[in-house]
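This is the structure, below, for whatever I ask next.
Chains here go by letter, A, B, C and D, matching the order in which they are written, and residues are numbered from 1 within each.
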């Protein structure tokens, strides 16, 4: 990133709750010549854990991420914090996985292209060939065609992981990828792999959720973005939304209406992740929304 | 009802789909000097069943419900219709069942009192004593205190049924009644007993759905109004709605936010039923909304 | 369109209300060997006008649009109907107008490409050059670059009209075109030109509605799709939607959030128009939604 | 309030933005033996003003509000803060004003009675007699009948103000009061008088907004809760919500649907005010929602 952008940093932290955390963090930043631009916090009174997100910049001059980290480490240790510190101007690298339906892919690419989502595309991995996505406008983004069958699933996933690793992707997005990741891969991507499921979980887990919803006769359908865990459709939920339907809607209508919900829910979840707004809280998430 | 109100009738029907139904029904009404005010129809192309709701009045003069029924019967027989014909000016009698939480009861009573919901209260049956509901404004509505314990459930339900029967209630509303009806009673009330469940079914069936939702970390909560069947929480869904929540919402906050969703969803379902807008379609509903 | 698709026709009509219209229409179709698949009607009791939309197909064999029209004309005349009859398999030709912001254009093109919106692109007219829209995937769609300045507005609009006319466009969509049409052109396109305005009209008419909304401190923003009339931002409203915002949202955030609302509201309005679901009722619309 | 409730305090503040405010506030509280339970902040980068809300309790023992105020005053002065400090266990006194339509009154009273809204009713002032509200369950709440005509408006308002003053009301809620307050009274109640307007302002200001909305043919209706200022319908907006409508909805249907929106929007605004979540920011509000 060009150094001409004003510096801006994001600190996230979680620790056991006790008096004085905010004062300690705010005091440390102030003493270090840093100005808090935004701060949000949350006490989980059930588990007695404390969560915080702070955005700050230097009051004057420039600073360096590693200096900031060195400065903060003792305080973090004192409170037993799990923490991250990130330069907002360093873009995250995002790998997008897709299958036949590319509405989420097309949407994420569009939002990236107009600057709404601020990331560096690390590549697209698809189990359909490049021409399937001719109209999506992938441009120079590295494209990997990794077809998969029941018999080749193991080898395909090994290649998948290699590509992710070599691309130095910070975040993997299953943009309607429609393949269940193995427990091993899910573990490797813990906390940095987002999936979009086309139902308002925990309703209609598993395959063909719109058809399940149609058969049950619900009056609303939805979509859920969640972190991938080895426990299918049980990962921490990041964002959900729904729309009303009626008896007139066929299963195909649900699929159509669902596309709109899926793409906006997934885009919201990806944005929150890119902006370090999501902290894991057991099997749940703390989302410091804007 | 005073005869001074203009006459207005509602016909609902369901039958196997085949060409000419609309023409036959519309032609019959026209020939009988009746004017269609509103008509809605639906073909379920999966099951090939046809559903229709027609509102009509006499072009001139007065008519009688039994004459209309006699007139329509041959046509209904020809098409093998399941049908109902109702004088809109004849109010339905509604029995309201409630437990400790009375927000749905209070809301239905208020809507009845200001004329928004057009019914005749047949009574209130509660498993808490009258003074619990002192502020609800029950006025002259017959009140029945039927406490229930595990041991007395059978006898209590027998009395419940007796009261419903003797009150000639057309519709029974479980306004947060919190007791599961026996299969037998559910069968007796088939198609005329509406329950409000405090989750967006089929998520979080059974007890304490808000606590289940809180534990799972969903980002929206909801409520579902459905007809009661012997299969708990599996009855045909009439109406659903949701609201967004965040990690900051405790289980108690969900209960609070849920009250608003419950009362508006239940009120909508009751209104649709009172206006003959709901037709059963297997385990689903056709709702001819306004 | 290939003749292999099953035939399907849409009839829309409006006339002064009087008894027997439904019976006459349904009887006529039945007698002509046509089967009603869907029918919706509406009586405007304020103006005493009647509106109807009927979808039908031949019970057996094939039929022809002009035969259907000839058959229906006497009945239409008898009731003084304004009416249209259309072969659903004949695609409408749509001309898309765009300025710098192309999110609505990209969205409509994507929905067309995956078959969600069923039309024939007649072309794109833009006041920025083709390379501006490189990522939208216009493919073979005729592109017309028509830059405009205050001084050239008149000539530019003359060319615009010529292109629309020569392309035989049935519908013109102002997909964030950002230019006010002259009264003359608005009149020529009456009832077949849809605009998306980025506010919940009638709030925030005119320029920079998101900035107006931000300055006023509203807690929700929206978008409105409407038919274009000579009276700016006053045309009949087809569809509207909103989203919640907070004090934390800057005017730029509103622009970002608004893009999502705009594209889904415009897509909905275009789909309703393409499916003959919208009937004009004075300065309002009757929308027979699905 | 019984002293047995755990102590809890809310601090709100606004001042010109500059580095170190959060550190200074958090440090002060920590040094004073106080523990931050919740903190939210907002920088208005347009006006460069800083807003903060902090909830805290004593780490151990008891404390007193006036001691806290004395302790905080020097810091507040140093930063030029506008600030309030409140004991959460001290209930606010609320005066409710109502006219003929009592759905908002009934709703607020119900929420108060079940403990959802935590306030002390200071009284009800109505321009209809007590029997109009017989079913609302006012109980012991002081009721004042203040009929008003064009000719008596001045005297009526003088009495109104006297009652408000003598009742020591902290907050005045116009729960569909339908009378415009004079500039003088509006000024006296600045920042502590909430009105519910039955439109999504700034659309449909003034009288009969639902009828205006029906005439315009909008596809959604709404309600707006705002602080009362001398500039009618222009006060700072606290909360808004909307619902979809269709061409089938008559003006009366809008009134019915609107009641639900009005009561939930007003209840939300009142709750936010009671919990010190609203800070004024010029003609806008900062709402630190939960």
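The rule we apply is simple: contacts are C-beta pairs under 8 Å (C-beta built on N, C-alpha and C of every residue); 3 or more make two chains touch, one makes a residue touch a chain.
None of the values given here were measured: they were computed from a predicted structure.
Engineer: Please identify which chain has its centre, taken as the mean of its CA atoms, farthest from the centre of chain C.
Structural biologist: With centres defined by C-alpha atoms, farthest from chain C sits D.
Engineer: Centre to centre, by mean C-alpha position, how many angstrom separate chain B and chain C?
Structural biologist: Roughly 37 Å, centre to centre.
Engineer: Between chain A and chain B, what is the gap in Å from one C-alpha centre to the other?
Structural biologist: Using C-alpha averages as centres, the distance is 42 Å.
Engineer: What are the residues of chain A that contact at least two other chains?
Structural biologist: 248
Engineer: Considering only which chains touch which, how would you classify the arrangement: line, ring, star, complete or other?
Structural biologist: Per interface graph, the chains form a complete graph.
Engineer: Given the complex with chain C, which residues does chain B contribute to the contact?
Structural biologist: 19-24, 26-27, 29-31, 35-41, 43, 59
Engineer: What does chain A use to touch chain B in their complex?
Structural biologist: 42, 44-46, 200-204, 216-220, 222, 236-242, 246-248, 250, 281, 283-287, 289
Engineer: Would you mind writing out the residues of chain B in touch with chain D in their complex?
Structural biologist: Where chain B meets chain D, its residues are 103, 106, 109-110, 113-114, 116, 134-137, 139, 248-249, 253, 256, 259-260, 264, 290.
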